[in-house]
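Both of the next two complexes hold chain A, though its partner changes from chain B to chain C.
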Partner chain A sequence: MEEIRRLVWDGTLNIEITVDADLVLADAAESSRRVFLKVPRDMYLVIYLPFIVARIQDILKIDLNDVYQGWWFHFGGTALDWTQPIGVLYDSLHNHRESMMGLGDSGRRVEIWKLRLNHSHQYPSGIIPIINGLRQIRHYWMHQWKQACFISNGSSKHIMSLSKQEALDFWDSILLRDRKLFRSICDKIIASSQPVKRIPVKIHLVVGGIRKVKDAAAEGPLSAQYTLGEFIGQQFPEYFPLESAAGGQTEILMQGIRPSLDLPLDQVYFKLASFDGFLHVLVKVAPSQACDDMNKITSKNIC
Partner chain B sequence: MISPEAFDRQLSSLIPIISKWRLCVRLDLRQNTEIGVHCAYVHSNHPNLPDVTFEISIQFNPIYQEPFLTFRIWKTKCVDGFEKRELWFPSNLSTVLNTTFFQIGLDYMDQSSGEAWFQVHCCDTNDITGQENDKYLKRWFSVYLTLFDERIGTIFQDLA
Partner chain C sequence: MSRFLESEGSSTASSIDNSEDDNKSGTVQDRLNFLSRRLGQLGLEKDEDENVENPKSTTEWTEPRPDELRREEEAKETSTKPTEQRVKMPSDDKILIRFQAIGMIEQLNPNSAKITAKQPFSVVVTFLQKRLRVANVHCYVNNSFTPAPQQIVGDLWNMFKVQNELIISYCSSVAFG
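The block that comes next holds the complex of A and B.
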């Protein structure tokens, strides 16, 4: 299990960010508008805004009071929801099937995800404004953990019992990429050695590049044989009939991989859960299959 | 905690009371797939914020099995003689609301509209509101709506 956790933790994305031409001086060179980053998949992209803005500030023609406020990323016209791990957004919007087909004989190719950076007084639809910088981002992340803790244990006591120093260390472990420290505090919140009441899952239903999120807790007590396929089949019987493990054109992704649907759900959670305490499950549906199914997903973001 | 059935039943009986709230401008029931999405528009009673209105939504949270409060803040401006209403996201909510007892974050996204709302985190609701009985929601209202009006309790006195 630890080896898979390490691979998940170490997973990275290469990103090229180009700041919108309207925000920079007319004589700014094209190359000076670009910033290249290698970022952990399990991270919020907005964490890197101070670094990115520092790289482009000499060519900006806008006044900045805050390196977080007003900025937003987009890909192909889709504004990126900063509250989801960047790897989840990449898997949602990137066409894995096409990129696999493009591999050379060596099977290796450097993928670069090309994003645009924009800035405006009003954020586009689907983006939560950042009004309190890194503090807000930390609170948001901690709040996700409170939810995950409540879902897993039936109360938030485990996380509320962390000392102030432990809570700070927990956040620092993310910023400093200290996996050992991160795991030690994770285990105090949701112990992998004990059965969980429910499993915290966020399902991202992606149809034709449009993503909707549903919080779905797999209800316990879970049997050891309760599989990922059964869980998804219960959530989306129209795409994954329980009698058939195959999902046709539908693709399931977690942390950039296609897991076996026969794996026990609790094992999948403890191996592939994200840095926010949730297992992010991407269900990518071919547009022809989708019809009006997007309307079936409703928001249940909770405390 | 409160069951969804009790939530709906108690909310229905409290709506007429809430509509008499001195700051309440409008009360809507939004038909939704969720249980009990109710929305109220409430004037600010802050002396320095006469142009501020709160849009308050009350839903049932199926995971916590608790009432769930989200809100947005609208500011009315006068532009070229015309009134213009726009959303306001103050970085320090305590200057606008009575936030002392609550954990609040700008972290709720309405998936259908793509709009951001402040949410009052409900992970400690049970500790604040106590055990369920037929007056659970009344207690919840009388505590959580102090965010907007410290005198909210007076509208429930007739129910005692």
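The block that comes next holds the complex of A and C.
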């Protein structure tokens, strides 16, 4: 288990960020608008804004009072919701099948996710404005953990009883990528050695380019008996028959990998849970199936 | 209140005027016309008052009715399905939210409301801000955590309900870290 956790923690993405041309000086070189990053999959992209802005501030023609305020990332016209881990956004929006088909004989290729960076006083729809910098991001992350703790233990007592120093160390372990420190505090909140009451899950459903997020919790003692496939099938019984998943029309991804649907859900959680305490499960419905099921999905309670 | 007093005053005046007319004519038809006008005036004034004071005419919020609560209780008692199946709800369903004030902030009256399950949590915050007439309010589920604005209240209800109610406590300042 520990080895899988280490691989999840160390998982990274190569990202190329290009600043919108309207934001930079006319004589700025094309190359100076680009910033290259290698970031952990388990992280919020906006945390890197100070780093990115520092590299482009010499060519910017806008005045900045706050390095976090007013910025947003987009990919192919879709604004990225910063409240989700980068890896989840990448898996949702990036076409893995095309990437696999594009592999050469060697089977190796450096994958780079190309994003655009924009800035304005008006955020796109669905994007939460950052008005309080890193403190707001930390606050959001901590409350996600409280929520996960409540689902797992029936109360937030475990996380509320952390000392102030432990709470600060917990956040620092994310920023400093200190896995040992992270795990030591994480185990105080949701202990993998004891059975959990419920399993906190966020299901990201991607159908024909439309992305929806559904919060769910596998209930009580049954959760230990659930397999991943049974749980997802139960959440979407009308348009997600397990046969179609087995037939390859529907793709299920977690932390960038395709897990076996026969794995027990609690084991999957303790191995692949994200840095916010939730197990992020991505369900991508193939375009052909998406067309058939579009009407069903728009009427479901997952928007 | 002033609107109410005005309407009372005008109807009283009208009553006196019509009483005089009634005395003059003394016909049953005149008496019926007077009562009809009086009822019309009262009904109209009542409707206008509701539109101004009651936010449920502009939002989807409604106060819980005893028969709705009873139906929920009956459904709970008669259901024999496993928990996971029981908590699922159609997208058009409404869920019950109970509000609890923390500290010096005003207590909502009534302190519960119904909302469409598919709405995001930001709608709840906006509702509270409007009802309390405050620019900023901190909301917590089960005196514990603040949900993300885009989280669906139906999902929150499924996971955190207490006796079929989602308990939202609110405060004018940070209460639970």
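In the analysis below, the second predicted complex is superposed on the first by the 276 of 303 C-alpha atoms of A that agree within 3 Å, B and C clash if a C-alpha of one lies under 4 Å from a C-alpha of the other, contacts with A are read in each partner's own complex, and residues count from 1 in each chain.
Just so it is clear, contacts are C-beta pairs under 8 Å (C-beta built on N, C-alpha and C of every residue); 3 or more make two chains touch, one makes a residue touch a chain.
All values derive from a computational prediction rather than experimental measurement.
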item	value
First, second, both or neither for A:65, with chain B first and chain C second	neither
Partner chain(s) touched by A:132 [first = chain B, second = chain C, both, neither]	first
Partner chain(s) touched by A:194 [first = chain B, second = chain C, both, neither]	neither
Contacts of A:146 with chain B and chain C, given as first, second, both or neither	both
First (chain B), second (chain C), both or neither touched by A:215	both
Partner chain(s) touched by A:234 [first = chain B, second = chain C, both, neither]	second
Shared contact residues on chain A - chain B and chain C	81, 83, 126, 128, 140, 143, 146-147, 150-151, 156, 213, 215, 217, 299-303
In the complex, chain B residues that touch chain A	32-34, 61-64, 66, 68, 89-91, 105-116, 119-125
Partner chain B, residues of chain A touching it in the complex	81, 83, 123, 125-129, 131-132, 136, 139-140, 143, 146-147, 150-151, 156, 212-213, 215, 217, 297-303
Footprint of chain A on chain C - complex, ascending	82-84, 89-91, 93, 117-118, 141-142, 144-152, 154-156, 158-160, 176-177
Touching residues on chain A, where the partner in the complex is chain C	81, 83, 126, 128, 140, 142-144, 146-147, 150-151, 155-156, 160, 198, 213-220, 222, 234, 299-303
